[in-house]
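In structure tokens below, several structures.
One chain, chain A, appears in both complexes that follow, with chain B as partner in the first and chain C in the second.
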Partner chain A sequence: MTSKEAEALGKTTRPRTGSRHPLQRIGLPLVGVVLLIATWEVTVWLNDLDSIVMPRPMEVLRALGDLVVSGEFWDDVVVSLTEFGSGYVIGVFAGVVVGVLMAEFSVFRATVHPVVEALRFIVPFAWIPLVILWFGTSLLGKTLLVAYATFFVMVVSAAKAMQQVDPTLTKVGRMLGMSRWRLAFAVQLRAAAPTIASSARAAAAIAWIAVVAAEYVGASAGLGVLIINASTSLQTDVVIAGMVVIGLVGAGVSAVIGWLSRSYLSYV
Partner chain B sequence: MTTVAPETVPAAPERAERQRGQPRWWLYGAAGVAAALGIWAILAQMLAGGGGAIQRLASPLAVGEQLASYATDGMVADLRSSLAIFVAGWLGGGILAALVGLLLGRVTLLGRMFLPIIEAIRPVSSIAWVPLSIVWFGFGFSSKVFLVGLAVFLVVIVYAVDGCTRIPGELVRTSTMLGMSPMQRFRNLILPGTLSEVLIGFRVGLMAGWGTVIVAELVAADAGLGAHLMAVQRSYDIAAVMATMLCFAIAGFLMTVVFTWVERRLLPWRLEEQR
Partner chain C sequence: MNAVSDPAPATRRGGELIVDNVSHHFASGPRRVDVLQDVSFTIPPGAVACVVGPSGCGKSTLLNLSAGLAGPAAGELRWDGDPVRLGQNRDVGMAFQQPGLFPWMTVERNVAVGLRTRGHDKRDAARITAEFLETVGLTEFKDAYPTQLSGGMAQRVGIARALALQPRLLLLDEPFAAVDAFTRLKLQQEFKSLLKLSAPTVMFVTHDVPEAISLGDFIVVMSHRPASVVRIIEINREDRDRSSAAYAHKLSETLECLGVTSDMDAATDD
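For the complex of A and B:
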């Protein structure tokens, strides 16, 4: 995963121009959703599709309802979120530390940079078979995979953000007699924090994709497993319901991280 | 710097100067790579007897040998079938995304109606689509192309919408003042303005799409690099697994290099902006 990709995930297609009227803001997307569901319904009806190929919207809704009331479903959500959370925290922390070191010490940067660049081309997905060989379906393997996916996004963006801090700030700090570390932590890291936070949010999206992928190829529980089990028993309605859940959790995680970084960085 | 990778960490200007002036910065890089290889070799040696969670770690040498033997046997065919899926999905998904993005970006009503839906689909990872793509398209070529195309589509459309909504208003007004017809304005202003942004999307989609090829082939493993990866994984051949991973990485790297070269030909002003 590259930092550009992280940028893409952080980007939205939301129009920048604010809607003039709340009816437009809520009404038009609603029309879009209704049109989508109508097209879906009509496609199924016209082609007389089997529910294995394409279930009707109501069936998916019912499957979603069944999932929500069943206990196993929540276990799967918890498993996926645990894998995500543990790996993400490690990845962000390690990534920011290495990124800051790379920005601070040019020797360190010159030494580590080629290794980081080379490893970045081994995308997290390519690690999945090896991780399964090494760690089986354990939590540790998934944690490491998620940490790996997060780490490279964070290293690159943290180093970049630190180096793009307004040089005046550094000069002012130096003039005020700040030590090198005080300057790095109290001035540069703070100034770089908003950029780092926004790439942390993008990294969360990548990490969430990695979690589901890892579960898909080898796991004993989690949302990826939920989808595989549903698809092997040909319950396409449950598959789509699972996809909806994956999307919702992914969006939720990203919103929570956005909210956390906003409230933590209230000074900016 | 820009020739190696699309987005390397930019050095501070004075550092860049120093790097160019003194060859010893190259030495640090070489030392870093050598150290990484050394640590890897030592770890492999230490874990050879079976050490905890990582039961076996192939040594760099063994991986190199595997890579060489795979290169002479089967790699070309696997690479060809993986690349075919990738190129079909990447171009198909990207071009479709550019068209849809132009439509949704320029026609505000449609944009307001359908962009939230696209926004809602994006957090669903492409892997989650695997069961549906198998039900819809079977296990063959087309289901993988669908997955790759979807992944690339969801990346490129963001750039396409961004590109055509961000065309400066004064340029649009100027073109109107100069008496351009809507069709002329579209061809001469909006299309080029969007395309340069779409190309960034294509570049980002490069790695997203290539990553999805791996996933699609891991799941529906009948041909390609991913199938090979799965096959050697089943026979517990760690050196071969790592060699295949390297293949993926090298192919991804080469694609990025080629794309950077093409992009520079197409949009010479882009690199000026980046600098």
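For the complex of A and C:
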């Protein structure tokens, strides 16, 4: 074995997440969170802020605890996640299909491209008044809004990912005698999949933001509603607790998508 | 299924490839870039043609046309008497300039996928794959992924994939360029003994004139773009001995056709 080959073999056993000590892996993020909370605590204390303006971390934690044990809170989480989940799945699926078709067929691309370019800069929030006008505060309206937000991120990135597939891979597939469809799905789409998956993860953040924003403006349940209701009754601790939940749920969703793409699409 | 899964006879002999007055061009924006101009030569069945020429002169294009991956703008290529058609050609095995391995497949599956696509059953494909991974010395890497390989090793997998198809027409685009000098010599020897086992018709594009002399039955020297054939140089057995005068003669003849002199001092003497 040459030294290069030995080195390459060595690479196969390299752990994926760096070589940091487990204590550091858990400890360092913890330090970040503690610093954030400490800054918050000190700010409240130094400025002697009223808890209506800015409650202390402990008060928010207590509000969070009250929320968690109340049944209504979980209903709100489920409503928001349902709006997110349904819209997100539709948006990702439709976006990838249209993006792949744009990459594969130049006539389709030429037709659809200007429409995509025009619509993708109309941010989801601009649609909220119309969505409420057309669909009221229903699940359907939120679902469509989230699908819309997700769709345009995915169309553009899927088309780009497909076009950036190493042309040699396509040539190899053709040389081996693969059919056009096998080439498109088993080679090009497969090669583009990791890039598409990382865009899907970014799209999840946008979709989640769209859900909450839509709930702020018009909804009967959901985390956005929870926050708006709390703020009208000056329960600032509940407002912040709701914000914390939005952040945590979003991060959780993003982590799940990241885990899925690593498990099923990653090469090593 | 049985008919195709029978082990391909080791003596699948090559056919005749005729390149007849082929010209080709690409569109580069509004401009037309001519790459090949009236290229003609014939590779007899089982012969090895080494194509040498300046970088970017259209050698790779010539391979793509021969494989049926693209159609020529003018002229014709004929394989076994029939015009080369666009699309699938079950006789062709090709190794590209970049290894072009599917990054989501292990080394083993990368080689086997071609055999499976061409109709070999699973067991058959596994057996042939093992055989050719052995040939390129990568048996112990069969479960590795392409990202875990060095450039040279990936290139060898690409070569194994092409060879495993046991093609009647083998097209190689600078297959040993990314391989270190020692491995390259080893692969060249392996390659020669493989050619003795089955005798495919080979078009071998290379930058390396000594390699062309040691592997080719003849050398096709191409000009700058748009490339045409400058000269076809026959290589005989005695020309391959690197210490012989015959070798030195072929080397300088080829380099001269390429517009380089083999006498490095000549340029600085005057």
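As a convention for this text, the second predicted complex is superposed on the first by the 225 of 268 C-alpha atoms of A that agree within 3 Å, B and C clash if a C-alpha of one lies under 4 Å from a C-alpha of the other, contacts with A are read in each partner's own complex, and residues count from 1 in each chain.
Everything below uses one rule, namely that contacts are C-beta pairs under 8 Å (C-beta built on N, C-alpha and C of every residue); 3 or more make two chains touch, one makes a residue touch a chain.
Everything numeric here is computed off the predicted structure, so don't read it as measured data.
Of the two partner chains placed around the shared chain by superposition, chain C is the only one that A:169 touches, whereas chain B remains out of contact.
By the document's definition of touching, of the two partners only chain B reaches A:121; chain C does not. Of the two partner chains placed around the shared chain by superposition, chain B is the only one that A:130 touches, whereas chain C remains out of contact. With both structures placed on the common chain, the touch criterion links A:224 to chain B but leaves chain C unconnected. In the overlay built on the shared chain, the residue A:190 is in contact with chain C alone; chain B does not reach it. Touch counts on chain A: comparing chain C and chain B, the chain ahead is B.
The interface of chain A with chain B overlaps its interface with chain C at residues 1-2, 4-5, 7-9, 11-12.
By the touch rule above, chain C contacts chain A in their complex via residues 64, 67, 69, 87-90, 92-94, 96-100, 102-104, 113-114, 117-118, 140-141, 144-150, 152-153, 161, 165, 180, 182-183. Those residues of chain A lying in contact with chain C across their complex are 1-2, 4-5, 7-9, 11-12, 166, 168-169, 171-172, 174-178, 187, 190-191, 265, 267-268. Within the complex, the chain B residues that touch chain A are 4-12, 15, 18-19, 25, 28-33, 35-36, 53-55, 104, 108-109, 111-132, 134-136, 155, 157-159, 161-162, 165, 200-201, 203-204, 207-208, 210-212, 214-215, 218-219, 229-230, 233, 236, 238, 241-242, 245-246, 248-250, 252-253, 256. For chain A in complex with chain B, the touching residues are 1-5, 7-9, 11-16, 19, 24, 28-29, 31-33, 35-36, 52-54, 102-103, 106-107, 109-115, 117-118, 120-130, 132-135, 138, 140, 156, 159-160, 163-164, 205, 208-209, 212-213, 216-217, 224, 227-228, 230-231, 236, 239-240, 242-244, 246-248, 250-251, 254.
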